[in-house]
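Report on the following structure.
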Amino acid sequence: MGKKVVTYGELLLRLSPEGHTRFVQADSFGAVYGGGEANTAVSLANFGYDAKFVSRLPDHEIGQAAINTLRQYGVDTTDIIRGGDRIGIYFLEKGAAQRPSKVIYDRAGSSFATAKADDYNWEKLLEGASWFHITGISPALSDEAAKASLEAVKTARRLGITVSCDINFRRKLWDKETAGRVMAEILEYTDIYIGGRDQAEELFGIPTNARDDSDYQAYKAVAEKLRERFGFKKVAITLRTTLSSDENKWAAMMYDGEKHCYSREYTSHIVDRVGGGDSFAAGLIYALCEGMDTQSAVDFAAAASCLKLSVEGDCNLMSADEVKALAFGSGSAQVQR
Amino acid sequence: MGKKVVTYGELLLRLSPEGHTRFVQADSFGAVYGGGEANTAVSLANFGYDAKFVSRLPDHEIGQAAINTLRQYGVDTTDIIRGGDRIGIYFLEKGAAQRPSKVIYDRAGSSFATAKADDYNWEKLLEGASWFHITGISPALSDEAAKASLEAVKTARRLGITVSCDINFRRKLWDKETAGRVMAEILEYTDIYIGGRDQAEELFGIPTNARDDSDYQAYKAVAEKLRERFGFKKVAITLRTTLSSDENKWAAMMYDGEKHCYSREYTSHIVDRVGGGDSFAAGLIYALCEGMDTQSAVDFAAAASCLKLSVEGDCNLMSADEVKALAFGSGSAQVQR
Amino acid sequence: MGKKVVTYGELLLRLSPEGHTRFVQADSFGAVYGGGEANTAVSLANFGYDAKFVSRLPDHEIGQAAINTLRQYGVDTTDIIRGGDRIGIYFLEKGAAQRPSKVIYDRAGSSFATAKADDYNWEKLLEGASWFHITGISPALSDEAAKASLEAVKTARRLGITVSCDINFRRKLWDKETAGRVMAEILEYTDIYIGGRDQAEELFGIPTNARDDSDYQAYKAVAEKLRERFGFKKVAITLRTTLSSDENKWAAMMYDGEKHCYSREYTSHIVDRVGGGDSFAAGLIYALCEGMDTQSAVDFAAAASCLKLSVEGDCNLMSADEVKALAFGSGSAQVQR
Amino acid sequence: MGKKVVTYGELLLRLSPEGHTRFVQADSFGAVYGGGEANTAVSLANFGYDAKFVSRLPDHEIGQAAINTLRQYGVDTTDIIRGGDRIGIYFLEKGAAQRPSKVIYDRAGSSFATAKADDYNWEKLLEGASWFHITGISPALSDEAAKASLEAVKTARRLGITVSCDINFRRKLWDKETAGRVMAEILEYTDIYIGGRDQAEELFGIPTNARDDSDYQAYKAVAEKLRERFGFKKVAITLRTTLSSDENKWAAMMYDGEKHCYSREYTSHIVDRVGGGDSFAAGLIYALCEGMDTQSAVDFAAAASCLKLSVEGDCNLMSADEVKALAFGSGSAQVQR
Amino acid sequence: MGKKVVTYGELLLRLSPEGHTRFVQADSFGAVYGGGEANTAVSLANFGYDAKFVSRLPDHEIGQAAINTLRQYGVDTTDIIRGGDRIGIYFLEKGAAQRPSKVIYDRAGSSFATAKADDYNWEKLLEGASWFHITGISPALSDEAAKASLEAVKTARRLGITVSCDINFRRKLWDKETAGRVMAEILEYTDIYIGGRDQAEELFGIPTNARDDSDYQAYKAVAEKLRERFGFKKVAITLRTTLSSDENKWAAMMYDGEKHCYSREYTSHIVDRVGGGDSFAAGLIYALCEGMDTQSAVDFAAAASCLKLSVEGDCNLMSADEVKALAFGSGSAQVQR
Amino acid sequence: MGKKVVTYGELLLRLSPEGHTRFVQADSFGAVYGGGEANTAVSLANFGYDAKFVSRLPDHEIGQAAINTLRQYGVDTTDIIRGGDRIGIYFLEKGAAQRPSKVIYDRAGSSFATAKADDYNWEKLLEGASWFHITGISPALSDEAAKASLEAVKTARRLGITVSCDINFRRKLWDKETAGRVMAEILEYTDIYIGGRDQAEELFGIPTNARDDSDYQAYKAVAEKLRERFGFKKVAITLRTTLSSDENKWAAMMYDGEKHCYSREYTSHIVDRVGGGDSFAAGLIYALCEGMDTQSAVDFAAAASCLKLSVEGDCNLMSADEVKALAFGSGSAQVQR
């Protein structure tokens, strides 16, 4: 077993019409249990790490099924609190070509959102951990979840545990102002910042000034200003370009105070777009825990998220060796036989 | 087109693991949209009637999919109100043999439950109708729904529209006392009572005194007392016996103030047990609208519900001719070719 | 390879909604290629015989798919004529419990029905065969098919080939009078008669006089009169009782001029009811070719048809050993491991 | 409800092997009910219009299932005549990469093809409509259908209803000469012409003179000559280029007597290629009814057909807003969450 | 977490054609990972116990998938050794009605069978356990497995851990003589004996003398003699009667040296017959660990195995409460809602 | 029927998770029976040839299912020997985008690998054949298979039968040295050499000296040297470039001693990558048997393998006409209707 990493967030039931069918055509829904921080935990477990996921789920069979999904990949679920009325749900219609994917959230009143901050004893939950990971989704779900998030990162800082935070700003969950205020507080206790293209601008007013989607160099300044303002050890920015519902470009950059390192750029035929960012976070955590340098770490993380897009479901089911083969190997997709 | 019948209630998304798999085994859920009163409307539309369903559903694609399900069978959905946040959901695990079916409700906060009584203009909604059907589920869902239910039956009475009410007491939704009080008020305006074995005892304290499940004669007195107390035109009592998750006995009796008529007893191998009672109600409404006598009506309604159990989903997809073939014909299941 | 048997008839595309769904619920149809005489050929091939099937099918990929289905089980399809416009189709909705199965025929104008009697060179087609099998379906499909059927049995008689004929009277295809006249002519050249309960009465006016479905003894007289009138070597009568769409009773009797032999009676839980009679015919042909006595032959044939009902699709996929295990063995359904 | 549009044509049962399997591999067929003019009606209903579909279908459950498919999307099916023997069928094998799709028609003798022209009372059928849409497929199916088509457009003209006609020439259904003669007569009463690249040349001898598939400008002259000859209000020509079975280019032009307007060109990854033209027609009808100018109308219609290719089945299940988002918006396929 | 139980055995990949299709019809196989002792561990985990499974599996993704199946239900898999070339496989064709199920073993050379006895350090593997469970399958697979089995029970005895052994004699794996000799040695260290009807006769020459399948009383003497010979604390005998492939009778008896206790007899409609005995063992272990008396324990165990037959797959996915509801409750299969 | 071709090799059961799911996600495996030489036989049968496949398979139902797969396409399977313990299996996880496909072999101890060279009577097996095809996989599986392979080609040479050999070097089955030695002996009796890019270098030390994947001209020298060394009539080299798991480039060259002919280069969207080379071999055999010249033959063979990649399963289900349409026609993938 590798390092012990703890993540905290909501685990949702995702319901998707099969293949490319639309909601109104569906007479069944594929059922997947996932969520940003849980996805990161699964990916880390698949890399061989001791990943624990902290959350709250209802004490019925659907809640149990969600837990079993994580256990299957070896995630430690013993600290998931059981209680509350319902599991958060989202309906996902997969897009195709020029037709975008559609998400309908039905997560209000979930066991996670109605949890009290006091339900979590962070001293105990973080015991033995060397890394704690959080995203901007949890604090968006309720005031108590925001409070719990802040207590978590404070406790982690106090215990000397590295904290990473993926901004993950979701306009459907909260507004920019609240998000900016709440996240700024959390980022005070964050070591590794992870964010998408425009999130620093939306939440913290740090302008991007990119000419277009391919102007990756523009993010150097953004990274520098973020680091300056919050004192991060490292700042990682993911650079996704949506070509169509079937095809994305994926790259990332990371700034460590000295070097701005850019990953290779991947053009991906998408099997399942959910969880790309979460697997990037997992890749980064693994890479840094393993002591890779900034360039290797961003390469590994970008390769991890690229590979995720080829896997059905929310979670990245690639081993560390498989990611390394793409990040540092030939990248050829030849069958071995 | 036959007679115009209006029904009112909640339309739910039902999510079931395929076949006999348990919740924790499911990686997809069959999706069916149904609900007691909607099921009755679909069955009546399949009998060739002009059936209108009144409800409230969210203004998103899942709400639309629910409506499309009804439209497909020719139900008039033009008066369904769009609004609110979510569609009620229930998870259904089909049992087998000695393993009982399991239901997990997730219907709190639905568009229907959060509707205001004022949202429904019953004068207009009931225009041109000759029958109105309601069940004891709607008033259980919220105070406003209870209020709307009462206004509906009052309006129907005023307009000279026949009212049927299926008691359908659900212990998970409300308690006996509240149910007894609220339903008693609704039954004041009800012409045709439909109820299960013990519901008159549970809600109104009318004892059954049946020796055992096969003591059908015991229900004569129950029917008489119900009619006496509420002044119903007719009282129908369904007599279901659960042999296992795969097998039921189904019979029914009806009392019209003069005769106590018993239907044939069916032993049914169950394909889908949901909607048995709703299709009984539809059968009864159809039979009485068509002018059948009490014996024929209870025979038709019992045959309708027996056949429903052989159909996947919530709704009875049998034509009136198919029901008649069982109710009044040979009852043989031979292929015609 | 065992004996060479030739059968002649139409091969149809059967389209069935999955499981117990009704036609109006189907968004896909299971596709099976079958037909009475083809089913008999497949069953014989599964018993290890050299079975040839003679027919006419369109020269397109759906016609080819039909042929491939037979080839897969080793049926000789080299004499199937390719031509005409379409393959006959029938839609089959599987019943359940009290709901009967439904068949919608769409076979008019098929390649088989539009074939000319001259298209078949029976001398050549029957070369080397020791048995020829035909049913009452083919002559019902067109005058030319009736003509071809008659020529086939005449040729078989001339060549000293045993002829069996399964009456298989289908009310939807032709009327009793025409059927009686045409079949009587064919039966002149038939050695082994196979028919259902009432077919001798319907077509040839030989009354059954059975008290009820369980009065198997009544068929002794029927068999005797049939044998007397047409000079058959043996007369077999199948005794099916439909309990529900899920359950049948199966038995059979055979009269050889001396003994009336009755098979064991089976109560069968039905997986797929199509092809029960066709597998009985195959069982009988096999048993008689193998030299079994009348009792063993009818036992083998009844066991074969009983087992067919447990197999999906039109065809009996049981080996001769598997049939013998039921017919002559313990009949227990224990797993061997 | 928006404008009332009537379309007339045949509704077929389409049977397709799942995914990329070939006919000979299929053990089930996906079942979709569609047809050019029905597809246009469904698309218009999805845009919120009151779309009525006129046709003739057999009076059995498969015919009913076809109707239910349309009802589900809100198409008015009350004027579909029930009668005749069968529903037209076509088998569709989806191609992939360099392997082309395959269609096997089995539509002869259908209820639609055997309908009499007198079966349709156009005065009554077109009552209250503001638009009538027809295609070149219906007149190809039988002389009576051709006669009914002509009567329909004549009646529409007399009633002042706008008529659109999609040429849709199908070589497998009739020859160029007959098609040219019959269609010319129908076009006399047509206001809006819709046709593919070479159809004006094939049917009416108006040469295209395009250098290659990308020479879109060549169609200006074609449009002008068509308008001149038949006096259309507007001429729309669709410009599809087949790159492979998985990928198409889609564009369109429209000429209104003054301007030649070209849509954006889309390169589409194809989910289901059937119905691209039908959704173009629906887009055009909607756009013109909504009063869009020529450029906007052709943009909307081209975007509609582009999006159709991303949807399973024959019908375009996009709302008008979704089409506008592509036609006039960013065109990005990003998930909104 | 409840008591800690360790089981040891082979985990197999089971491949089954879907539904009732036969091997020759299958174009896909349902994949389930199971094995007698693993099934018992899963059932115990579902009862809330800390169940550890000891085995050896290949170090590739199929081996990992097998492990994940167990982890999903919370079984401790940390002591499963990874190595060897292949996972044992068996093909299972589910029977129906009179058609028996079929098993084709392909387990020779598996990672488990080629493990060395020395690979298992029993002192360490059994640390902290209060119960060890083994079956007669493991020693049948190889000499080394037999040796490991013996060492395991010896170690358990030495450590004061209760040992249960399910005889599970499989004629296809070894002969009666060898089995009798090897098992006798293992039984020396066994506290709780579990066996089927005739296994004491087959392996140890203790005659049953039952008149027929319903002569349950005959097993009293067998139990007494077994206890006498091997000194067991308790002897449990399962009494299964195969009515057909769809229906079984299930009962059991247990003898504790004083009382012979018989469970209720269940007639079960079978969903999946595999694992009935394994879930009986789990039920017995749980009941005895919980301190139930002999009658309650055999009742609980019989109810557990009865319920297993209603669950797809090898494993019993019932909670202890669900089993108690059947064993000690009304046994009715009514839906609760 | 066309020419008679015999192929010899192992037939495997291939088990693949559905769609793009990974091994650890699979709860079912698609089952396909295939193998290099069997695939070639099926393709030839689809071209209308009399193709016989020689192999050894276990005498159980899974072995039978494998045979049925071939019979379905008309392959002559009468000389397949039944015996041995198991069918070889391989697990195939289909890759996507940058994620490569994965193969796990489980073929040791198969009926084919344990066959004796003496089991095959080549004089008799090759009777009447005009072509014999073999690959480098068979001799890699066991010494006896290598011996049988050599005897086969020697016998073919003696009988004047053309021999083709596809090198098909598989690193997981044997090492380069052994392969080089054994194959060199077989090639002594080979007329038509087929090999991939680097196989001449790996096995026979003939260097390729290609600058990169697109340097097709470099293979001229390789072909010349191969021909020189082994005296082949013709040398064909396939030129595959893996762009991703979804996309390949395919081309081929053939040298006949005079001309070096290059096929068109295809960029293929891949449905199923298995069997591309086997269908190339079939295409080449057909083309040469039909008397095509070198250029046409390599064009036909390359088109055949390109089309295979669009077909699910191992086998090329294209007719000769379909291949010709791509090889010599427009290559457009337009639907014909």
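Each chain gets a letter, A, B, C, D, E and F, in the order it is written, and its residues are counted from 1.
Definition applied: contacts are C-beta pairs under 8 Å (C-beta built on N, C-alpha and C of every residue); 3 or more make two chains touch, one makes a residue touch a chain.
Values in this document were obtained by computation on a predicted structure and should not be read as measured data.
Q: By residue number, over half of the contact pairs should agree; on that basis which option among B-D, C-F or D-F is the same interface as A-D?
A: Match found for A-D within B-D, C-F or D-F: D-F.
Q: As a test of understanding: of all chains, whose mean C-alpha position lies farthest from that of subunit E?
A: D
Q: Farthest from subunit B in C-alpha centre terms, which chain would that be?
A: F
Q: If you list every residue number at the subunit D and subunit F contact, are more than half found on both copies (same) or fewer than half (different)?
A: Different; most numbers are used by only one of subunit D and subunit F.
Q: As a quick test, compute the distance in whole Å between the mean CA positions of subunit B and subunit F.
A: Whole-Å distance between the two chain centres: 62.
Q: Just how far, in Å, is the C-alpha centre of subunit F from the one of subunit E?
A: Whole-Å distance between the two chain centres: 46.
Q: Give, as an integer number of Å, the spacing between the C-alpha centres of subunit E and subunit A.
A: Distance between chain centres, rounded to whole Å: 42 Å.
Q: So which bits of subunit E are touching at least two other chains?
A: Residues 22, 24, 27, 68, 73, 102.
Q: Which label fits the chain touch graph of this model best, line, ring, star, complete or other?
A: Contact map by chain: other.
Q: How about subunit F: which of its residues touch subunit A in the complex?
A: Touch residues, subunit F against subunit A: 19-22, 24-25, 95-103, 105, 170-172, 242-246, 273.
Q: Which of the residues in subunit A come into contact with subunit B in the complex?
A: Residue list for subunit A touching subunit B: 15, 18, 22-24, 26-32, 60-62, 64-65, 68, 85-86, 89, 91, 93, 102, 104, 106, 108-109.
Q: In their complex, what parts of subunit D are in touch with subunit B?
A: Touching subunit B from subunit D are residues 68-69, 71-74.
Q: Enumerate the contact residues on subunit A facing subunit F in the complex.
A: Subunit A residues touching subunit F: 73, 266, 268-271, 303, 306-307, 309-313, 317-318, 322, 326, 331-337.
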